[in-house]
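Structures given as C-alpha cells follow.
One chain, chain A, appears in both complexes that follow, with chain B as partner in the first and chain C in the second.
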Partner chain A sequence: MFKVEPRPETSKFWSLASPLLALVITILLGSLLFVALGKDPVRGLQVFFWEPLSSGYRIGELMVKATPLLIIALGLAVCFRSNVWNIGAEGQFVIGAVAAGGVALLAGKDTSRLIVLAILLAGVLGGMGWAAITGVLRDKFNANEILVSLMLVYVATLTLNYMVFGPWKDPAGYNFPQTKTFEAVTQVPRLFPGSRMNIGVLLALAGVVGLWIFLFRTRAGFAQQVGGLAPAAARYAGFSSRKALWTALLVSGGAAGLAGGLEVAGPLGQLTPYVPAGYGFAAIIVAFVGRLHPVGMVFSALLMSMFYIGGELAQSRLGLPKSLTGVFQGLLLFTLLACDMLMAYRIRFLPSTSPAQT
Partner chain B sequence: MSIPRLQLAHITKRFPSVVANSDVSLTVQAGETHAVLGENGAGKSTLMKIIYGALKPDEGSVLFNGQPVHIRNPQEARALGISMVFQHFSLFDTLTVAENVWLGLDKSLTLQQVTHSISAKAREYGLDVDPLRPVHTLSVGEMQRVEIIRALLTNPKLLILDEPTSVLTPQAVEKLFVVLKQLASEGCSILYISHKLHEIRELCAACTVLRGGKVTGTCDPRRESNASLSRMMIGAEPPELEHHERQPGEAVLRVRGLTLPREDQFGHDLDNISFEVRAGEVLGIAGVSGNGQRELLFALSGEDRRAAPDMIQVGGQAVGRYGPAHRRRLGLHFVPEERLGRGAVPGMSLAHNLLLTRTDAVGRSGWIRVGALRDQAAGIIRRFNVKAGGPNAAAKSLSGGNLQKFIVGREIEARPKLLIVSQPTWGVDVGASAQIRAEILALRDAGCAVLVLSEELEELFEISDRLHVIAKGRLSPSVDRARATVTQIGEWMSGLWVVHALRDAPHPSPLPRGEREQDQGTNHV
Partner chain C sequence: MDQYALLLASTLNAGTVLALAALGLLINEKSGIVNLGAEGMMLCAAIAGFAAVVKTGNDWVGFAAGIGAGALMAAAFGLLVIWMNTNQYATGLALSLFGAGFSAFAGITYVQEKLPERPRFVLPLLGDIPVLGPALFRQHPMVYFAIALVAWLMWFLYRSRSGLVLRSVGESPESAHALGYPVRRIRLAAVVAGGALCGLAGAYISIIYTPLWVEGMVAGKGWIALALTTFATWRPARVLLGAYLFGGITMLQFHFQSTGVEIPSEFLNMLPYLATIVVLTLISRNPAWIRINMPASLGKPFYPGT
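Presenting the complex of A and B:
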C-alpha cells in the first residue's frame, strides 16, 4: 500500500526531474502505441528520437521548427507568469504572417535587402495588434481573455484564407489559393549554406537572454510576476494590473507575430492556407514543459520540434499517420501534469498485510 | 468522585512536518468550564478537531462519560452530545436564522418547529435572536448567538468554543459569559479555547496549557495571575512596554470628510470620516472587524483611489487620487492585515518580497542588484529577530509571527513619516507581539506618526496615545487613552456615541430594518 501526502515544501529536485520522468513515461506509452499499431517499437522510437538528430541537415530542420515554437513560448511565458491566459498565439502568429506577407508582396526585383526589417516589424505589429483586440475586450469590458483569444484564432485563419483566396491570389498560380512566391530579397538571411536555419535562431536565443533578464533582474519583470502570483500583493505594492495585462498581451502577441513573419519570409516564402501549422498551440505545451523558464523552454522547444519531424518521418518511413505528432505532444503534456504532483506531494510506501509493490 | 465527562489519554497526532499533539492528556468534569490555553500553533485546534471527530488521533484514547469512544465524524460527535462553535461561522447570508439552523438538523422537524425551538432556547438563555431575520442583517455578535443556539438545540453534554470572543465587543463578551455560566450550572461541560488570560481567569475553573503540542501545565486559573499563566503558555513573561510621555508634533495624516460607497456588496460605506495623526503619536482605531476598517485602510493606503484628492492629506499634500507607490514616496508605509498574499507573495523569497515596497536595491534603470537585496533582507532578519531559513526562504515557509516581524521590519526600516498598521499582532505569538509593539513605540518615539487599527482593545490601550472607534463605517470622536475606559470604548464599538448619531441625517444602516423585522418576529412567537 502507499499513501500520498503533502510535502512540507515543494521539492526542487522534482521540479527538474518531473519533465524527465514525464519524457520517460511518454516514451514508454509511445512504444506501447507502436506495438498496438503493429510496428516495431524500437524502429518507431528510432524514427522519433534518433533520426531527427542523425545528420547536420536534419538538426538544421529541427532548429527551423524549434525556432517559432521557442519565440512564441517565450512570449507566452510572460503571459502565463502574470496570470494572463492568452491561448490565441496561433491567431497572432497567423496575422503576423499575413502582415509580414503583405509587406513582402510589395518587394520588387531591385528592392533593398533592408525590406527584411520592415517585414519582420510588420509581423511583430500584426501580432501585437491582434493581441490588442483581446486586450481591449478584457480591459474595457472584462471579457474572458481565454475565450476571446481562442476565438480570434479562427477569425485570423479566415482572414488569411480570404486574402489568399481573394485579393492576394497569384494570377499566375493556376487558381491555387496562394500568393505569388516572394522575391528573393525578402528572404530572411540564412546562417549556413545548405541549411534552412536562418537568423530567427539568433533572435530566439537573444529572446531567451532578454526574457531571463526581464524576469529575474528587473523590477518591471518582478512586478509583472507579482500580479500573477498574488494580485492583492500587487495592488498593495502599487503595481498596475492594467499595465501587466497590456505588457503580457503585447509581448506575447509581438513574439507570435515575429514568429509568423520569420516563417513566411523564411521556410515558406509565400502565403498559403497552410501557414497555421499549430505552432501557436504547441508553444503552450513548450512553455509549460519548459517550466515557463527561458532556458527550460529551449529544451522543450527542441523536444516538441523533434515530435513534429518524427511525425513526418513516421509517415514516410513507417506509413503511420502524421497525427502521431499530436499524440506524442499530448502524451507529454499529460504525463508532465501528472508528474508535477510529485513536486507538492510525496508517495510513502506503507508496510501492510499485502506487501504489494506499486 | 463522579465519572468525568471527557477524558483524553496520551493523544498524539502527527502531521508530515510537525507533531501537532504529543502525549496530551486532559480531563473535563461534568459541569466544568475547562480552558485550553496556548499560543497559535500550540495544538489547540488539532486537539479540538480530534474530540469533535474531524481528525483521527495517531495514538491515545478518548473516553466520554467513562466509555471509550472512537468518534469518526462530527455527526457521531453530535450524537454523543458534543457540540462545537467554530471561530469562523458557517451560516448562509441569504437565508434566515431559522433556515440556517434547520439545514443542520434532523429533517424530521418542520421549519416551524425549528423556529419555535429557537425562540424557546433563546428565551431560556436570554440570547436575543429573531429566527426570521436573514443572516446578512445580523451583527457578528448576533451571528455567534445563532451558532450557539444551533449548538444548544442538540442539548449537548459538552460544548466546545473556539476563540469565541475575538469578534465581540466587551459588552457582548459579558453577555456571552452569563450564558456560559448558566450552561455550566446546568451540568453542561464547556471546553473554552482562548489565548486571552483574563477571560480564562474569570470564566474557567480548570485550565490545561499547551505549548508546542505538549501539555505544560494544568491549574485552577482563578488562583493564577496573568504572569504565571503566561509563563506556562510561552515559557517566559512578556517584557513590560515602555511608554514615554511625548509631545506630539505636526499632523502628518489628515483625513477630512472621507466618504466612499462600498466596493463590494458585503462591504461597508465610509461615512464622513475625519481624523488626524500627528508626528510622534500612536493613534488607535478600535472596532469590531467588518465595520469599515478594510475600506478605510484601502482608501488610506492608495489601493482604493476613489477618494477626492483632499479628503486624505499626507504631509500637507492631497493624496486622495495617488496610488500606493506614490504615497510611499511621501513617507506613508502600510502593514496590511493579510500577511500572505497581500503583505507578501507566498511563493517568493523574503529578499524578493522586499521589492513590493522597497526600492533600495533597485538601480535607476530598474535593474535589481541581487546581492544588495539579499544583504538588505538579511539585515532585517537580524535586526528584527526573524526566525527564517535566510533571505532566500519563501515567505510561506515562515510562521505567522515571524513573517509579521519581517513585514513590520520591512516597513519600519524604510524610516516612514507615517506608518499605518492593521492588526499588528493578529495570530502572532506573545513573544513576537511584545516585540512588534515595542518596535511601534520606538518608531513613535523617533517622531513617526503611527496609526494602528486593531480588534484587540488590550493592545490598543497598551500602545495608543489617543483612540477612535469605527462602527458601521463611521468614526467616533477621539479620546485620550489615559481618560478612556474599556466600558466607554465598548459602547462606542456598537456605534453608540449618541451625540453624533442624532445630529446626522437619517442613515441607511441595516439597524432600523432589523428592528422592524424583530418586532414582526415577536408577533410570530
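Presenting the complex of A and C:
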C-alpha cells in the first residue's frame, strides 16, 4: 500500500510542478465535462487553449483581460503573504471604477489629456478607501476581514447600481442603466493601433517588478511577510502587525481600484451594471495559482484570462454557456490545493502487502 | 395589522434559510473547521433541488437533492482540508468560487422554468387564529423543522456524549486523539453534516423561498450564515434568534418598498449586508468574549503524528 509522510522541508520541485499538474488535471476533468455535454473534447480544448492565442488581435485581447487580473492579484499577494484575508477585491475594483468614472464624467471636449492621471488616481483612492473600511473594522474592532470585505462587495455593487440607475444615468440613453459614454480624452492611452491593449499592461508589469523588489529586497517587505509566517517571531522582532494589516489592505485595495479605473477608462468607456465581471474573485485564483510570486502570477493571470476568452468562444463556437469559465477557474484552484499536498508531504509506496496496514 | 402578520410570517420564512445554513455551519465549526464554501454549496444545492423538483414535481425529492449536493461538496472539502491539510480558508474559497461557476453553468437551461403551483401549508385550527395564524402557523414544515433542529442541537451539543466528543475535537484535537477518538473522521462527519444543512437551506431558497432559478440567487446568504455563527458566539439558540433578526432585516426592505418610503431600492437592498458588518463589528469588539466562546482549535489544522 502507500503511506503519506511529511517531508523534512517543503519541496521546491513540487512548488513549481504542482500548478502545472493542477492544470493538467483541470484539463482532463474539463475534457470529461465536454464529453458529458456531447461535445468533441479536442475541439473544446482547442477553443479554450489554442484559439485565444491564434492571432495577434486575440493575444491582445488576452492581455486586455489579463491586465486587471494581474494588477489585482499583485495586491492580493501582499495580503495573503501577510495572512490578511482580503477577499473583497471585487468590491474595491467596483468602487475604484465608480470613483474613476465620476472623474471621467467631469471631462468635457477640451479637457487636458492629463485627466487620465486624475481618473486613475481616483480609482486608486476609491479602492483604498473601500479597503480602509475593512481595515478600520479589523484594526479597531477585531472584526473578521474575510466576512467584512466580502459583505462590502455586495454594498459596492449596489452603490454602482444606484449611481447608474439614478444620479449618473445618461439622460439621452433611452433609459438604459448606464452613464454617458466618456469623452475621448479620458481614454487610457493605447499601446498599438488596432489593439485594445493600453498602458495598463505596462503598469501591471511595473507592478510585477515593484512587488518583487518589495517582497524580496526590502526590509519592509520582509517584515510584512514574517507576520504571516510566524506571528510570534514578528512580535519578538518588533514588526508591527497593525502596520502589516494596513499595508496589505491599502496596497491591495489601491491595486484593485487602479484596475477598476483602467477598466472604465479603457475597454468599457462608461459605467454600467456590468462593470463587476468577477475579476476580483478570479484574481484570488490567479494569486494562489501563481504561488503569490510576482512572476508566477504573470503566467497564472494569462491562463485565467484564457479561461475568460475560452468561455466566450465556447459560447459562440460550441453553443456552451459562458459560465464554463467559472467552472474551469474553480476546478483549477481546487486541484491546485490538492496537488499542493505534494509540496509538504510525500507519498511512499510500501512493499509490504499485509492486509492490516494503512 | 394584517401587514405586520405578513411581515412576521415572511421574516420567519427568510430566517429559516439562514438558520438552516448557520446551524449546519455551527456543527461544522464546533469540530474546529471553518468552511468558507457555504455560499458555493448553497448555490449548487439550489440548482440541484430546483432541477429535481422540475423533473419529479416533488418538493421532498428536491430537498433530498439539495442535501446530497451540499453533502457531496462538503465531503470533497473535508477530504482536502482534513486529510490533505490544505488551507481551510483557501479551500473553502475555492468551493465557493467553484460552486458559483458550476451552478451558473448547470442551471443555464433552468432559467425560464417555473415550478408547479403547490398547496400552502396551514396547521389545522392554529392556522385559523386571527393575526397569529397567518403569522406563525401557515408556514412551510421546514420552518418548524429549523426550530426543532435548534432544540435537538442544544441537547446534542451540551447533553449528549457524542456532542461532548464533537466539542472536544474542536477544542483540543490532540487530547481527543490521545483519548483514542478518530478525530479526522469525526471532523469529516461534522463537515458533511454542515454541508447537508447548507444544501437543505440552498434547496429551500430555490424551491420555497423564491421558487425559481437565477444565477447567484443565494446572494450572500451563505456568507451571512457564516457571520451568524460568530454573532451567536457558537450557541444554537442565539443562531436561531440571529437568523430571524436577519430575516427581519431582509424583509424590512420589501416592507418599506410596499409602504412607499422614499429610499432608493439599492440602499434598502444593502441593509442585510450592512447589518452583517455592524453586528459582526459589535460582537467582535471584545476579543476576550470571542475567545471564550470560540472552539479553541477553529481553523487550525490537525495532523495526527506518524
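By our rule, the second predicted complex is superposed on the first by the 351 of 358 C-alpha atoms of A that agree within 3 Å, B and C clash if a C-alpha of one lies under 4 Å from a C-alpha of the other, contacts with A are read in each partner's own complex, and residues count from 1 in each chain.
Note that in this section a residue touches a chain if its C-beta (ideal position, glycine included) is under 8 Å from a C-beta of that chain, and two chains touch if they have at least 3 such contacts.
Just so it is clear, the model here is predicted, and its values are computed rather than measured.
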Clash or fit (per the criteria above) of chain B with chain C on chain A:
fit
With the two structures laid over each other on chain A, which partner does A:Ala220 touch: chain B (first), chain C (second), both, or neither?
first
Between chain B (first) and chain C (second), which does A:Leu45 come into contact with in this model arrangement: first, second, both, or neither?
neither
Touch check for A:Gly238: first (chain B), second (chain C), both, or neither?
first
Residues of chain A touched, compared between chain B and chain C (which is higher):
C
With chain A's C-alpha centre as vertex, what's the angle to chain B and chain C, nearest 10 degrees?
70
Which of the two partners, first being chain B and second being chain C, lies in contact with A:Ala230: first, second, both, or neither?
first
Just checking: does A:Leu333 make contact with chain B only, chain C only, both, or neither of them? Give me first, second, both or neither.
second
Which of chain B and chain C A:Pro321 touches, first, second, both or neither
second
In the overlaid three-chain picture, which partner chain does A:Glu5 touch, first (chain B) or second (chain C), both, or neither?
both
Quick one: classify A:Ile59 as touching chain B (first), chain C (second), both or neither.
neither
Minimum CA distance, chain B versus chain C, superposed model, integer angstrom?
7
Taking the stated contact definition, name every residue in chain A that is touched by chain B in one complex and by chain C in the other, in rising order.
5-6
With touch defined as at the start, can you tell me which chain B residues reach chain A in the complex?
16-17, 301-303, 323-326, 328, 334, 336, 338, 341-348, 352, 355-357, 359, 362, 366-368, 370, 394, 397
If you look only at chain A, which of its residues touch chain C in the complex?
5-6, 85, 87, 137, 141-144, 146-148, 150-152, 154-155, 158-159, 161-162, 165-166, 281, 284-285, 288, 321, 323-331, 333-334, 337-338, 340-341, 344-345
Across the complex, what residues on chain C touch chain A?
36, 40, 76, 80, 84-87, 89-91, 93-95, 97-102, 104-105, 108, 215, 219-220, 223-224, 226-227, 230, 264, 266-267, 269-270, 273-274, 276-277, 280-282, 284-285, 287, 290, 303, 306
If we count contacts the way the header does, which residues on chain A are in touch with chain B in the complex?
5-9, 216-220, 222, 226, 229-230, 232-233, 235-240
